[in-house]
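After this come two complexes, each holding chain A, first together with chain B and then together with chain C.
Let's look at the complex of A and B:
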């Protein structure tokens, strides 16, 4: 009796878990209201401005300087995270040492910590009488209130993206591929460059792209350490906030839209690259 | 030219995986390491390859100590059970890998590498697959590519770990014949690991039967089949019927069993155990015999019967169905034994160590 009752009258295929309509509907509603709508609103706001005005805002010297600083600092932070994140993931996966699980858990601190707290802590450390600043300032390496400070803050908040995307791939890597390379005469460096790295490259690309996108928009951690001097150490998202406070909604929207566009282009590019790289690796 | 292994031992934590292995492999030989899972055969293969190291013992090739050499220095070709092809490389790049990682001074030119790969592709009959990726190949094709990759470096010894384990039965049989051909025309020394006795016997010049980290017997397939050296080998090769017998002046005797076909053996008088294949027992109707047929089952081609005596000694026999046409249940039968193996000692079948039959072994593997 229960068998027949469970079969829908229409004879559709039965699913393992019920409630597909409900869960799918909730998911789409959420994505629509929380994710898609604000972005659409932003684009509509940007469209209101008109191309000429938009171009004038984006190419204004102060906006250009802010965008340039943001991009350069994000690139620096991402370059550092790409190398260091990969190393971190490697150490966590390949070695067994006391405290490994603790270190593994600590990787998530930048995710969990309020970014403003991170910004304050970094500023205190790197200021001239902070622990790091005491050493770096006399050596002629000023960090606080420079692009380096911006990059440090960005790198702090975005490193888990690299570690957490590469780590699982590295863990699942087939050991016998490395052994095969060894028996075929490959040196450790060749094994890494030609067997291991190509295997993790797709995930690594995604991780670094997300880290870069996150750095572009990082706000809380940066504004404390950057000093926020217009034309010098003012990041793009802060400039958008300043415009908003000046009731210059168009200015704010244009800058925000530019940041969104850059991040979008990067994500699409990285997904396309990843798809290209993995296209023929997946069994049919 | 030969590979010499002596007193090799290897322990993983608390498990002694190899307990003193002695083996010599001559040039051009095709050797099968045969045994159930956990017998240490794969560990032995990995030690020969330089992927693992023993705790004690020696391993040398042509008099050169191999234990001080890395896997790369030994120049062996290793084919992994699941092939371990590089998924991001085409078949061509996979096969060329061993040549492209050579130091610049020894590395052949691009054209020469391409020519070598082409030659191997043709030799292994996979010409059409050169530009495919491993994910686009069938299991049998991957196996060939893995072999091609190992052979490209012209290995001194070719090592294969369960080369046909992951393939279906038909492909398995085809590849078996094909591998024998490859071995013969390439002239390499080859050692492969298998848990499938049919595979080992069909393919190998010499079979090494391993169990619990020791070599139980080494020899030509026919020799091992006809004269299993230990009870383990006997059971492993399908001599699953164990009957307690008594030895008197070299002859085995047991009530109700006709053992006259067995040759006289230089064994001391006393209790012994006779190991038999069910197919080597012929039941003959005989009203005076102590055994009675208790079960009869037909598989179509074969008839399986079980005979029991008053002492509850159960004996399984197997014969072509037509031969057993006049057998009936509860019929008294005399059992004529055509061939069997006798080991001293009176271990009753019930006390015998439980041993997986080869068939069960095959099924226990994925």
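Let's look at the complex of A and C:
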């Protein structure tokens, strides 16, 4: 995240300016009540369960099915977004054509649109009598109430990640290597594979990692289109909510902690990739 | 259509890629967006108005506005306070504090909702305490506001902090030596410097507050006509098979999203 990037070493100005007590008090009160207390509650509940019971919850058939569906659909969504995002970044940076800026603005729609709205629109479009469903259903590709529907919803809500991470790197790319490759007789495809793609690879991986993490956590758009059938199209976070509604707080906490653990692993991975990315960009 | 910077002979390839990009974006983004309005108005304007003015939907619009109105000033105050704290002072645990402020961005909203229930729910950590004091947080406005604050918390600080760090504190220290009070320094020096970033963060936070679904759905209890925010009302109408009503409600949120996009574009030009 960008905020962590640069903390200035501010040795002597230490507490010269007013407001330390006030801002510290406000920030700690907010962070304590709004962020820390609920998160601590999750970990305390998790600790209460005990390893054996925790393992039993997470490996129960319904939980495993939900986790498998969530991961598989997120992987499908991310695979699509990786290709689509790369295409969009390339087209938006490398070509000039009428409507380019509008096309660029369209990339922000999935972030701006509330997820419930996206879920509603996609479900109506892909349902059997919807505009897309009418074509896909007779072709033997049912989307609504299947894993494909889950993947469609996940990919819509995470569209911007790959585009927006690759775009700036592609813009800053030094063209001299490309020119050299061209004069040496490389084909456009060879130039892309050997010169351009290696340069944008770290950014591309960061984008796909964040897109995957976001897909795993997506809820609003998914529950409209998924049908939410236990063992079939029920995502893991919905199962956690269902356990809460059944007053099975242990079950909810165990599933939620598993999802948090996966998210944290992905976060560490993307931070590590990002660190590599910045190191690579410094000498340029 | 020509390739920039590279007068290559693969015009055909460029056209193919542009065509593919436009076609895919049309199917994936543009059509769903247009479809929302198309369905919302499919019964004519009278039906649309009737759907929007249905008591439950009207109440959902009201509740969402109330949540946005409460969270906005808190987000502004906390965003400025935490940015000031981290940009202007050094203290042990500063980096850790920053990590915690950013934490909500890495926790999916639905998990945030689960955390709140584990804390305040009937069998939650503080549940018995709340029940004894007859304090109602869950399935009521306080819970919805708090979980919305969780989800929208980092937006303002994320925009303001980098700017404060980049600008340094020379101007503020100069004002201090000239005898300005803390409040005067903030109002006359700091605020004018950060106002566009502040506005940008506020727009993003409010847009998110208005559209949040997952986190709110867990803590709201979904009581018809009482704790339904507009995004939750969309789901309720959808489950009631009132599809046109759902799209009417969704179209108002879509309109807000489009306004936010325009504001975002304008403000991005100002903050850079």
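Operating definition for what follows: the second predicted complex is superposed on the first by the 230 of 284 C-alpha atoms of A that agree within 3 Å, B and C clash if a C-alpha of one lies under 4 Å from a C-alpha of the other, contacts with A are read in each partner's own complex, and residues count from 1 in each chain.
Just so it is clear, a residue touches a chain if its C-beta (ideal position, glycine included) is under 8 Å from a C-beta of that chain, and two chains touch if they have at least 3 such contacts.
What you see is a predicted model; the values in this text were computed from it and never measured.
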item: Contacts of A:180 with chain B and chain C, given as first, second, both or neither; value: first
item: Touching partner for A:42 - first (chain B), second (chain C), both, neither; value: second
item: In the superposition, chain B vs chain C on chain A residues touched; value: C
item: Which of chain B and chain C A:23 touches, first, second, both or neither; value: second
item: First (chain B), second (chain C), both or neither touched by A:195; value: first
item: Intersection of chain A interface sets (partners chain B, chain C); value: 182
item: Complex interface listing, chain B residues touching chain A; value: 49-51, 70-72, 75-78, 80-82, 84-88, 97-98, 101-102, 133, 135-136, 149-150, 153
item: Contact footprint of chain A on chain C as seen in their complex; value: 1-6, 8, 10, 13-14, 17-18, 20-22, 24-25, 27-33, 35-36, 39, 74, 77-78, 81-82, 84-91, 94-95, 97-119, 121-126, 146, 149-150, 153-154, 157-158, 161-162, 165, 168-169, 172-173, 176, 181-182, 185-186, 207, 210-214, 217-218, 231-232, 234-235, 238, 243, 246-247, 250, 253-254, 257-258, 260-261, 264-265
item: Of chain A, residues touching chain C in the complex; value: 1-11, 13-20, 22-24, 26-27, 30-31, 33-39, 41-42, 44-45, 84, 87-88, 90-92, 94-97, 99, 103, 105-110, 112-118, 120-125, 131-132, 156, 159, 175, 178, 182, 188, 213, 216-220, 223-224, 237-238, 240-241, 244, 247, 249, 252-253, 256, 259-260, 263-264, 267
item: In the complex with chain B, residue positions of chain A that touch it; value: 174, 176-177, 179-187, 190, 194-195, 198-199, 277, 280-284
